[in-house]
Amino acid sequence: MIRFVGSRVLGMLVVLFLVTLFTYVIFFVLSPDPAVQICGKNCTPERIEQIRVNLGLDLPFWQQFWEYVSGLFTGREYVVAGAVVTCPAPCLGYSFQTGQLVSEMIVQRLPISATIAIGAAILWLIGGLIGGVLSAVHEGKFTDKFFAGLTLGAMSIPNYVLALVLQFVLVVALGWLPFPQAVPFAEDPGQWFLNFLMPWIVLAVGYAAVYTRLTRANVIETLQENFVRTANAKGLSSSLVWRRHALRPALTPIVTIFGMDIAGLLGGAVITETVFGLNGVGKLTADSISSNDQPVIMAVTLLSAFFVIVGNLVVDLLYTAIDPRVRTAARA
Amino acid sequence: MTGENVNDTTGDLLRVEDLSVEFRTAAGATRVVDSVGFAVPRGGALGIVGESGSGKSMTSLAIMGLLPKGGTATGSIVFDGKDLLAQRESAMRRIRGDRIAMIFQDPLSSLNPYYTVGVQIAEAYRSHRSGVSARAAKKVAIEAMERVHIHDAARRADHYPHQFSGGMRQRIMIAMALSMEPDLIIADEPTTALDVTVQAQILALLAEIRRDTGAGLILITHDLAVVSEVADRIVVMRGGRLVEQGSVEDVFSDPQHEYTRRLLDAVPRIDDEIGELRTTAIPVLPGMEKR
Amino acid sequence: MTDAAPLCRATALVKEFTSHGPMLSRPTTFRAVDDVSFEVFRGETLALVGESGSGKSTTARLVARLMEPTSGTVEFEGQDVTSLKGRALHSFRSDVQVIFQDPYSSLNPRHTVEGLVTAPLRYQKRRIPGGARAFTRSLMERVGLNPDHSGRYPAQFSGGQAQRIGIARALAVSPKLVICDEAVSALDVSVQAQVINLLRSLQRDEGFGYLFIAHDLAVVRQIATRVAVMSRGRIVEQGERDRIFADPHHEYTRTLLAAVPRIDPEWDARRREAERRRAAMASEAS
């Protein structure tokens, strides 16, 4: 078992390293000279050169990469205007736009992205499971067709269209909900809830549709399994057959997909946050791309990759806990 | 066997009369079982033989009330004085697993991979008897596993189905069937997926159980040799219809129907080479052959 | 009994499979075939019998060169074919053909019978004698199929008929050795008997050798000249068919034979007697 976990963690570290390298190469090759950017207007070639030396941009690629990676673990030191500035670990640099420590910017915004992601996840999981099970139980009948149409519509609407429409209807026209703002939970739970409700709904809708279809397919397939027939042949009560022999095998794979989806969203729901003007990591991503703020772009990319890769590992390990076949293979 | 009064039905464990099974699809209705009738005497063993498409499996599912979606059964199936086809689902659930137990062909897919075998064997017991604790049920499960000669049963009850070999899994299925001491066991191709040596063990086990408990057996198979060794009576099915029935000895020694004769001719014998296996005259019904 | 050189000879064949566990653990090796040697002669059938996991199917694949052995040699008509590659392997393929257990998964469902049957010749860039259509039709007749169905797809045929397509395909290149890998195991009893008869008559007419892989001893009784019994990758006993069945030497062979269910031969005798009486009465009446 240790071997199994150990080998997975090792694999994860390798992938993380490769992703970092790959991302760094892309920025190195594709981005315009950062020194020029920082310098801004009224720039002289000498100043550009000076900035380049300060930021270590005149060093060979591998050295720059090494500086970056080691900075993630031990922090870095920059020389700016004669003074030495320390960037504590994990050092993701300073924003070209605002001059802030990138790591600070992310830490500020992470809770909002997490709130959006987790709230939406709960909504879509419950919605998807209920929709899926109902569709499966009433396969072919009106309920099933209703959900099929509903999910098709939900998957077809672009995120931002739904966001704008909902905002118009619920906030402007009906005044039921406020314009979303990040209200801290501690301050006012009720307002906090109402503020996040629309972003949650907007984000959850697309996923709920997919989960409904996925659940439906899994349940229908599981109901055909021979062990369900055995369970019925033993004369078990229909609720026991449902719980143990239909739902458990059908829904287990969905839990793992759920883990992956949340992990992906922790890196920020870019469109949703931007449309609602919520300062999460997603909005930061959008802003930094449009202003070409390299260190920030690099940082959010790495963050997102980190969450996905770790999420993958967690899901893998989760599977050993819940699927006996994987568990015994892992022990061997 | 010959000379028994076939009109004396009071000793029958199960009596099937004029059973038909139909499936309704968009294309119309198909009869997969057509007016079949037979009886299983108390403690007796009946073999239902047929090739693919003969309707033998559907017949057994109709008895258990487990027909797939779209299937309806008509006729009468009398078990213990009750017509099973007239029972409500709740009454059938009480009978299934308790009075009539069923064993299927592929033991791996017939067991839930997410639960231990101990739990799955104990399930039926806990479901049918009220107020049974998990511990007591587990004891019953372990006893059932020991009855089917699974070594180290107490420990292995906590193992999962995929940790057992094919033959062991079939023993587990039998243990599940046994745990409630049913009056009738229906086995649908129980040994088809198993090696021949394992098959011999499983068939011997079934015989032992029948001796100990007096349970009746319906064995469904395509293998005539197996039927000849296991059953007292045989029913031959083809294309949903019952072609011939009688005692195994009578039907094998002097088959009345042409199809039965040709079928017996076609079975390869291990004891000698038959020369040209006489097969030319069995007309294969359209759509009846194995796909 | 032939004293001619064997058509095919396998010597000390070994096939190991290695499985790699998680990244940090040592790989485990499994010997599916362990020091197997046998010969197949022209016009005869060698049956490889065994239960699941005995290694018989793997052995068949080694002989057919669908896999390479870990060690050991395969000789065909005196030549070592163990490590053939490229063109030489190609021409070996026209000498040795395989018929598989499940026709529906070994026949490409998107090809018509004509396509399937002429494929081996086309892949080997050989001329199709008489043209594709005529060639297909004559092959179909040989195996007992209706030649008018040459444009149909495998799914449109029943199990037994689809298996005949597989046989026709094997015949297309006029092989010298045909390997039957559980070729009749998935068929209904009556159809199985027809296909066994077909295989026997084809062997009589063409004179090829069969390597017949099976688990059903009763079927083997009908078709084999010699029998090799396998267990856990090794051949525990081999010899003339009648000898093996009447006087098995090895413990495992005895267990295997004892386990096979039998129809009481006395019942068979009575049935045949009743049949004779009926035939006699019928001819008397006419």
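A, B and C are the chain letters, set down in written order, and residue numbers restart from 1 in every chain.
Simple rule for what comes next: a contact is a pair of C-beta atoms (placed from the backbone, for glycine too) under 8 Å apart; a residue touches a chain by one contact, two chains touch by 3 or more.
Just so it is clear, the structure is predicted and the values come from calculations on it, not from any experiment.
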Among all chain pairs, the one with the most C-beta contacts: B-C
Relative to subunit C, chain with the most remote C-alpha centre: A
Averaged-CA centre spacing for the pair subunit B and subunit A, given as whole angstrom: 53
Inter-chain centre distance, subunit A versus subunit C - centres from mean C-alpha coordinates, in Å: 56
Subunit B and subunit C: spacing of chain centres that average the CA atoms, whole Å: 32
Residues of subunit A touching subunit B in the complex: 225-227, 229-238, 240, 244-245, 248-249, 252, 323-325, 328
Partner subunit B, residues of subunit C touching it in the complex: 51-52, 104, 158-161, 186-194, 196-197, 215-219, 221-222, 245, 255-268, 270-271, 274-275
List of subunit B residues in touch with subunit C within their complex: 51-52, 166, 195-200, 203, 222-226, 228-229, 249, 252-255, 261-274, 276-280, 282, 284, 289-291
Parts of subunit B lying in touch with subunit A, wherever the complex brings them together: 64, 66, 92-98, 101-102, 104, 106, 109-116, 123-124, 127-128, 160, 162-163, 173, 176
